[in-house]
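Below: a set of structures, written as structure tokens.
Shared between the two complexes below is chain A, which has chain B as its partner in the first and chain C in the second.
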Partner chain A sequence: MMVLISYDVATGDKDGQRRLRCIAKECQNHAQRVQNSVFEANLDYGTFLKMKSRLLAIMDKEKDSLRFYYLGNNWKHRVEHIGAKPGMDMEGPLIF
Partner chain B sequence: MMVLISYDVATGDKDGQRRLRCIAKECQNHAQRVQNSVFEANLDYGTFLKMKSRLLAIMDKEKDSLRFYYLGNNWKHRVEHIGAKPGMDMEGPLIF
Partner chain C sequence: MRKMLNTLYVTQEDAYLSLDSETLLLSIGGDVKARIPFDNIENIVCFSYIGCSPALMGKCVSQNIPINFISPYGKYWGKVTSGTQGNVFLRVRQIEVFKTHNLELSINTIVAKCHNAIQLIRRSQHDNEALRDDTEVQQAVAILMESIDGAFHAADGATLLGIEGYAAKTYFGIFNKLILNREFQFSFRTKRPPTDPVNAMLSFMYTIFTAEFAAGLETVGLDSYIGYMHALRSGRNSLACDLMEEARCIIERFVLTLINLKIVGMEDFEQFVTGAVYLNDKGRRKVLAKWQEKKRTTIKHDYLNETIPLGLLPYVQSNLLAKYVRGELTQYPNYLQKGN
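What follows is the complex of A and B.
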């Protein structure tokens, strides 16, 4: 199954910065980064549930958010990418 | 039709910061912000195409990226949100 995962992490303090690193690392272990905070995970259901459980354990539900989009089987027809591909320095500081 | 829009904008210079503001504003005009750089647009096809055209005119295809996920009619079953809702101060500086 293909799942799109996007996250916002409140990085105003050191604990938030730690959560951001941990969530990004967990996603990188199981999914492909397509943008800074957007990953695509093509996993069997059991593996996805384990990953999701770990993400929920890391996040602070009062401050952070996670979104999962279950793209189904025909997901390739649902996605359009325009512009630059994700760079290598995704963990560096970016100011939005 | 429901379309998920996510973007990365290279904000290392003033022009990038301008593009980010313009893209965010264009998205806010037609879509609901669900995370910092993630919007959901429930639009008729013609309106979506006009919006997409404006976004493409703003972005720098060498530096920025836009992704569109066409979620189809049963999109409500495809989305799961966990944690904090988007705050009001989405245009303020956030350090990732």
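What follows is the complex of A and C.
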């Protein structure tokens, strides 16, 4: 299942900066960074729920926002990339 | 059904793999080329002299992701996995069952291998009219059919090996006729080293597929080094080789496709002074990319009566073998290629 995750973290104070780092780190552990605060996670549903609950534990619901876009398994025709740094297809051949 | 995850192939000599919390970092010359979460991969195959940080190896061991090391020319060197785990009782059963039932298992494997070879030839005949009337091809099919009968009546391992040898010789004897792209020629099977491009590709892909079978066997807790047909030899995945026998046709069909559709050409190989022929870097990448694609295609598994991605076959067969060893199945159902 492909989920697009984007976030906005209020970084006015020290704690905000900490939350931003933690959220970015958590996202990076399970998803691919496609833009500065946009991640694509290609996970099974269970793993995704675990990740989501960890993100919710980090965020401050008063100040930050998190958005999940569920793109399903047939996500390929729903995503179009234009410009620099096209993302890697985690399902395609990984050959370096 | 288990989800099929991706395999990471590393072919560049200067690549370095390291760990960054839950992700794998692949860097070349200090630049991070890729960051891959462990959730997305289940197997790492390294060619050539890749650097791998100890922290990464530790993580992969704990996540049950094997790191396979294979020489650029497809010789299997070894792998990093956790110490043998899984069920000791299953492994003890495995040794007992293989000792007492090795002939029965071997017969079934040889029969499956011959059956799949016939299916491959029939498939080629279906695609190419000229092969349908070719007497040599027809004869080969007849011999393979006789081999199936013969194998069922084999009284001991030696007889069986004789039948297998004759069947393989017949099969590879007409293999050249299945190649439609006349740039490639196949006269007979050569290995260690392969001496022509067709053999080079076959050997290379057999190694890759065997490593996948070994990974599948380890996942279900069987010992991939203790086989029933291949003689035990330290460092050889004998059981993975045994299971490979029935799945060889997949590799052979794959190689034929690459050649006949002109996906690979002569420029993808290099020849050494010794006469050895190997895939070069570009060729290796092409073949692996196609293989990754092929693994995503689905096949109908007759025994399970389910459609599965081809890449899961090693895992499925290992699972069935484990069930047989445990006594849940009275026979191990070999993989049989479907007809047209």
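FYI, the second predicted complex is superposed on the first by the 85 of 96 C-alpha atoms of A that agree within 3 Å, B and C clash if a C-alpha of one lies under 4 Å from a C-alpha of the other, contacts with A are read in each partner's own complex, and residues count from 1 in each chain.
Keep in mind that, in the parts below, a contact is a pair of C-beta atoms (placed from the backbone, for glycine too) under 8 Å apart; a residue touches a chain by one contact, two chains touch by 3 or more.
Everything numeric in this text was worked out from a predicted model, so none of it was measured.
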(request) Kindly classify A:A84 by the partners it touches after superposition: chain B alone (first), chain C alone (second), both, or neither? (result) first
(request) Please determine whether it is chain B or chain C that touches the greater number of chain A residues. (result) B
(message) According to the stated criteria, A:L20 is in contact with first (chain B), second (chain C), both, or neither; which is it?
(response) first
(message) According to the stated criteria, A:L43 is in contact with first (chain B), second (chain C), both, or neither; which is it?
(response) second
(message) So in the superposed three-chain picture, is A:Q28 touching just chain B, just chain C, both, or none of them (first/second/both/neither)?
(response) second
(request) For chain A, give the residues common to its interface with chain B and its interface with chain C. (result) 93-96
(request) Can you check the complex and tell me which residues of chain C touch chain A? (result) 3, 6-12, 15, 21-23, 26, 28, 33-37, 39-41, 285, 288-289, 292-293, 296
(request) Using the touch rule from the top, collect the residues of chain A that touch chain C in their complex. (result) 25, 28-33, 42-44, 47, 88, 90-96
(request) Flag every residue of chain B that touches chain A in the complex, lowest number first. (result) 4, 6-11, 20, 34-38, 56, 59-72, 77-86, 93-96
